[in-house]
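One chain, subunit A, links the two complexes that follow: it is found with subunit B in the first and with subunit C in the second.
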Partner chain A sequence: MPIVTRTLVLLALSLYTAFAAGPFVWAAMLSLRTTPEIHLDHFAFPNPAHWEKFPDAWFNSNYATYFTNSLQVVVTAVLVLTIVGAMAAHCLARYRFRLNRIIYFILFSTIIFPPQITIISLFQILVNYGLYNSKVGLTLVYVALQLPLTIYILESFFARLPADLFDAARIDGYSDWEIFWKVSLPIAAPAVATTVILNFILLWNEFLFAVVLITDEANRTLPLGIQRIIGDTQEDIGMIATGLMIAIVPVIIIYAFFSEKLIQGMTAGAVK
Partner chain B sequence: MPTFRANLLRGGVRQPWGTIVAFLLPAITFYVALTAYPAVRTIWNSFHKVLPRREEFVGIANYSELIQDEIFWKAVRNTVTWASVSPVIEVTVALLLALALYAKVPGARFLRVAWFTPVLMSYIVVGILWMWIYNYDWGPLNVLLRAIGLGKFAQPWLGSPDTALASLIVVTSWMWVGFNMVVLLAALHSLPKDVVEAAELDNCGWLAKLVFVIISLIRATLLNLVVLSFIGKMKIFDLVWITTKGNPLWSTETVSTYVYKRAFEWTTFDLGYPSTIAMVWFVIVLGAVLLLTWLFRMREKLEY
Partner chain C sequence: MAIVRLERLTKIYERAEAPAVKDVSIDIGHGDFMVLLGPSGCGKTTTLRMIAGLESISDGILSIDGNFVNEVPAKDRDIAMVFQSYALYPHMTVWDNLAFGLKRRSIPREEIERRVTNVAATLGLSEFLRRKPHALSGGQRQRVALGRAIVRHPKVFLFDEPLSNLDAALRVSTRGEIAALHRRLGATMIYVTHDQVEAMTLGTRICIMNKGRVAQIGTPLDVYHNPANTFVAGFLGNPPMNLLPAVVTDDEGGCTLAVGSLKLTLPPQRMPPLPAGTTVTLGIRPEHVSPHDRGYLQGFPFSCEVVQIERLGAETLIFAELGDAGARLVARSGGDVAFGLGDRITLYADLSAAHVFDGAGNALHLQTQSR
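Then we have the complex of A and B:
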């Protein structure tokens, strides 16, 4: 490539990189500065860095509550999803029966449902059963929401396992449940890890169902809490930025450790 | 090696119904209670007036009201614009970036992470961040414009009906380009090396190589990404809700935000009408996805 074209390409890529990463870097800078400092200059480097803003945001608003709620709801939902999804996926991949492909198709096809198709009636249903505005209700809805994708990813993995493995396990006297629990699941650990990470991030960021199904301050998840905080403190940019960083941190940590798994999960549906 | 699927097709395994039911029951219970039943109830709702204490059959009244609902059509136009523009921008930019990484530009590892990161953040975080970026007085965008002498173009980006929708489209592109890029990069790396090298030896110009060789080889992935992005934008809610709530003057109203407003914000207290919107929209989205897939199939047939 001629040197001019090369320079132009590199310049364009650098500009795009600034565009893609800039907002995040800027928010990180804001999170370490106080609001009066920010009003003097919105783009200055944090000097000195106010690390104390993090414990401050954590203890002086309801951040700890929101964070714990999110953790409870998301961890429980992911746990249930993994077991329920893996059981179904194992069954659909392992056993031959008449309705097999029909059940698979029905479960899988809901992946294209827009959320509005269920959200209004879910509101009615949860109100009827006393699960409206409760973490249990939200957790159950989250499980149902992510079940199709989980089954899809796990089923395609289980279906590739050699049948001999299971015949051998059966000859060794394993029951159906033991085959699932002691043979299938351990071998599928990489695929299971993918679904766990993917579900965790998607549900951690989930907003629409939370905003419809939760109203109490005590039950708010993190996205709702942040929305509440910006409603209350429009002007306190510094504190909001600190709150944003706290919300991002778990996701960034997961990404740092499991980026390959995460990308596999996110691209599972997109590449055939 | 025989796989389960092969066994499934070959047959010969007995059907232990008790075990099968035990394994499937939890998943099916969740599906029936929290997906299938709500969906059916939405259909039922759409033919009723659903007030907090009573329900009343109204036939197709909700549907005929919908046809005359100007806000609904405004929301449809906004959403369809979003869903048609976004896939084009996202996939094009992502392809260029993926090609740059494929050609091993310096710092590729770092660049891949930097470009991918936006998609990890929730729409809440992204929304707040971009409200600041678009801020009239001190937002980086206007500050930048003023600094390079284009101050007359500085404006309240999300506050003006002319620019609000476009500004939000930029935000979703910013978020999703990285995701598309990663998927395309995976597709590029799975290309047979000899084909790309053959094109190199034939001394095609790089543009010709790009268009005739690479794009035609990864077309399936490109089309999948277009459909995926399209579906995502047809149901967009979070970003709009955090930033503009559909304002100013309905200029960023999407079908999802309108459904939410009619169900839970307006004091009509009727859940029937918003259910009707959801039903009609579901049929439209489904139809559009089927049409897109069909069109892409047709083109494939024509070209070979």
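Then we have the complex of A and C:
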């Protein structure tokens, strides 16, 4: 690559990186500064860095509870979504049966409805079943919310796997159940990683259903916890930023763990 | 080793207009290498998949070693199959691919280790055992697929066009490996291909299929030299047999045919006497047609115009038009030829090697057909 082209490409990439990472870096800097310091200069470097804000947020602002609740709800939802979604997708992609496409269409068509449409009826259903204001209720709602997209992503991946693989496994002596666990699911690891990351990030940040379906302080998730810090008359910007930094740690861990598989999943089929 | 018997096997797919396989009956003996040969869509793969247990059987009887297995699941038929796409498990190493079928059968770990090691050594895969399929060449993948079948010690081996994805050179060498494998194991093998060279070189017997039915079964040379019908005659051989429309005349006791304005008399052993006016098809293989009169006892001269010449080095294929007969004749000649396109030449056909087929396309000189 000629040096001029190379320089231009690097410049463009640097600008984009600054554009994309700028807000994150700014929030990270704010998380280490106090609110009075921030009011004096919005963009100054944290000097001194107030690391003590993190234990303060964790222990004194009830972040430990919010964080644990989020972790319980989201991890359970993602686990159920992955297993149930993969099974459903495998079934829809691999087996020919009557109404296959109709079931697929009905599942997928729920994506087209904005969540606001369903929220009142969901609220009523959860109240009727005694699941309102509970983590189990919120987990079930999250599973229902993300299942169509999960099935859509995994179904298209399973459908691309050659049928010979399944025939070979059948001849090797494996049942359909065993083929799912020992052949299909391991091969679909990139697609599964994609759904895990997407679902985790979406649900970790989910606010609308959480704010409607959870009111009890003991059951609040992180997005609700952060919202609580925003007062009616004044906002503790510094503490909000600290809370946000705590909130994104699991997302970064999940992304770092699954990112290689995610890229494989995104590019599957792109090259021969 | 096993005996596989297909009795009037039929497969009808839901909402299909015609059966994919209809009344296929084949007896495959101990140690037979039966090749199912035919064009795309003739039902050969469907037949193989029914034997494997991967397709349900709509009608007919399938038995292995005398046991009725129509309803027996694939895993309980004790068969192994090599697929066209290799069908290797991409997330497993070569070792795991080879051992996968054995693990399911609760074979002791030491025995699995021994079998996998032996098969890998036999197929030259020992150094690749820790690799995954994507890190192997096409030939190596095919050998792993073969190894996965061999390691199981199955009763019957099934091959579904296993060489189709290989390049020409690799195909020849792998063909040799499969032939050697059959000689060494002496196992019953059923092999599907559309490649007649594979069929002729590998098979102890060939079953030629057309439109879901058996067209002919026999040894490779038998089906080549004695095609039961015009389909087999036109399918086997490269180029295939010349098939010329003809009409019986009454000049020589029913053995004289008119091809266009030409009249030729066949030896009596090549066709039974037929009433004058009967429409038949005259078949002559290209190797029995030559631009040189080789002193054939029955060398019949066809005057024709050269329309295409294919020089292959060791031999030359001459495509010529017969003029008023409205037919094309292909001749195979050793070495090069001196004439060019548009030249009028004489091609000599050895009528003692001619075949005659009736109006329905069935061979007339054969007294019995092995169907």
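Just so it is clear, the second predicted complex is superposed on the first by the 221 of 272 C-alpha atoms of A that agree within 3 Å, B and C clash if a C-alpha of one lies under 4 Å from a C-alpha of the other, contacts with A are read in each partner's own complex, and residues count from 1 in each chain.
Quick note on the criterion: contacts are C-beta pairs under 8 Å (C-beta built on N, C-alpha and C of every residue); 3 or more make two chains touch, one makes a residue touch a chain.
On a predicted model such as this, the values are computed, not experimentally measured, just so you know.
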{"item": "Touched partner set for A:48, first subunit B, second subunit C, both or neither", "value": "neither"}
{"item": "Contacts of A:21 with subunit B and subunit C, given as first, second, both or neither", "value": "first"}
{"item": "Which of subunit B and subunit C A:36 touches, first, second, both or neither", "value": "neither"}
{"item": "Partner chain(s) touched by A:141 [first = subunit B, second = subunit C, both, neither]", "value": "first"}
{"item": "Partner chain in contact with A:160 - subunit B first, subunit C second, else both or neither", "value": "first"}
{"item": "Partner chain in contact with A:2 - subunit B first, subunit C second, else both or neither", "value": "neither"}
{"item": "Broader residue contact with subunit A after superposition on the shared chain, subunit B or subunit C", "value": "B"}
{"item": "Touched partner set for A:223, first subunit B, second subunit C, both or neither", "value": "first"}
{"item": "Touched partner set for A:205, first subunit B, second subunit C, both or neither", "value": "first"}
{"item": "Overlapping contact positions on subunit A, where the subunit C interface meets the subunit B interface", "value": "162, 164"}
{"item": "Interface residues, subunit C side, partner subunit A - complex", "value": "49, 52-54, 73-75, 79-81, 83-87, 89-91, 100-101, 104-105, 148, 152"}
{"item": "Residue ranges of subunit A in contact with subunit B within the complex", "value": "1, 9-10, 13, 16-17, 19-24, 26-27, 42-43, 83-85, 87-88, 90-98, 100, 103, 106-107, 110, 112-125, 140-141, 143-144, 147, 151, 158-164, 176, 180, 201, 204-208, 211-212, 223, 226-227, 230, 237, 240, 244, 247-248, 251-252, 255, 259, 263, 266-267, 269-272"}
{"item": "Subunit B residues touching subunit A - in the complex, by the definition given at the top", "value": "1-8, 11, 13, 15-17, 19-20, 23-24, 26-28, 30-31, 33-35, 37-39, 41-42, 45, 50, 93, 97, 100, 105-106, 111, 113-125, 128-130, 132-133, 138, 140, 143, 174, 177-179, 182-183, 186-187, 206, 220-221, 224-225, 228, 231, 234-235, 237-238, 241-242, 255-256, 259-260, 263-264, 271, 274-275, 277-279, 281-282, 285-286, 289"}
{"item": "In the complex, subunit A residues that touch subunit C", "value": "162, 164-165, 167-175, 178, 183, 186-187, 189"}
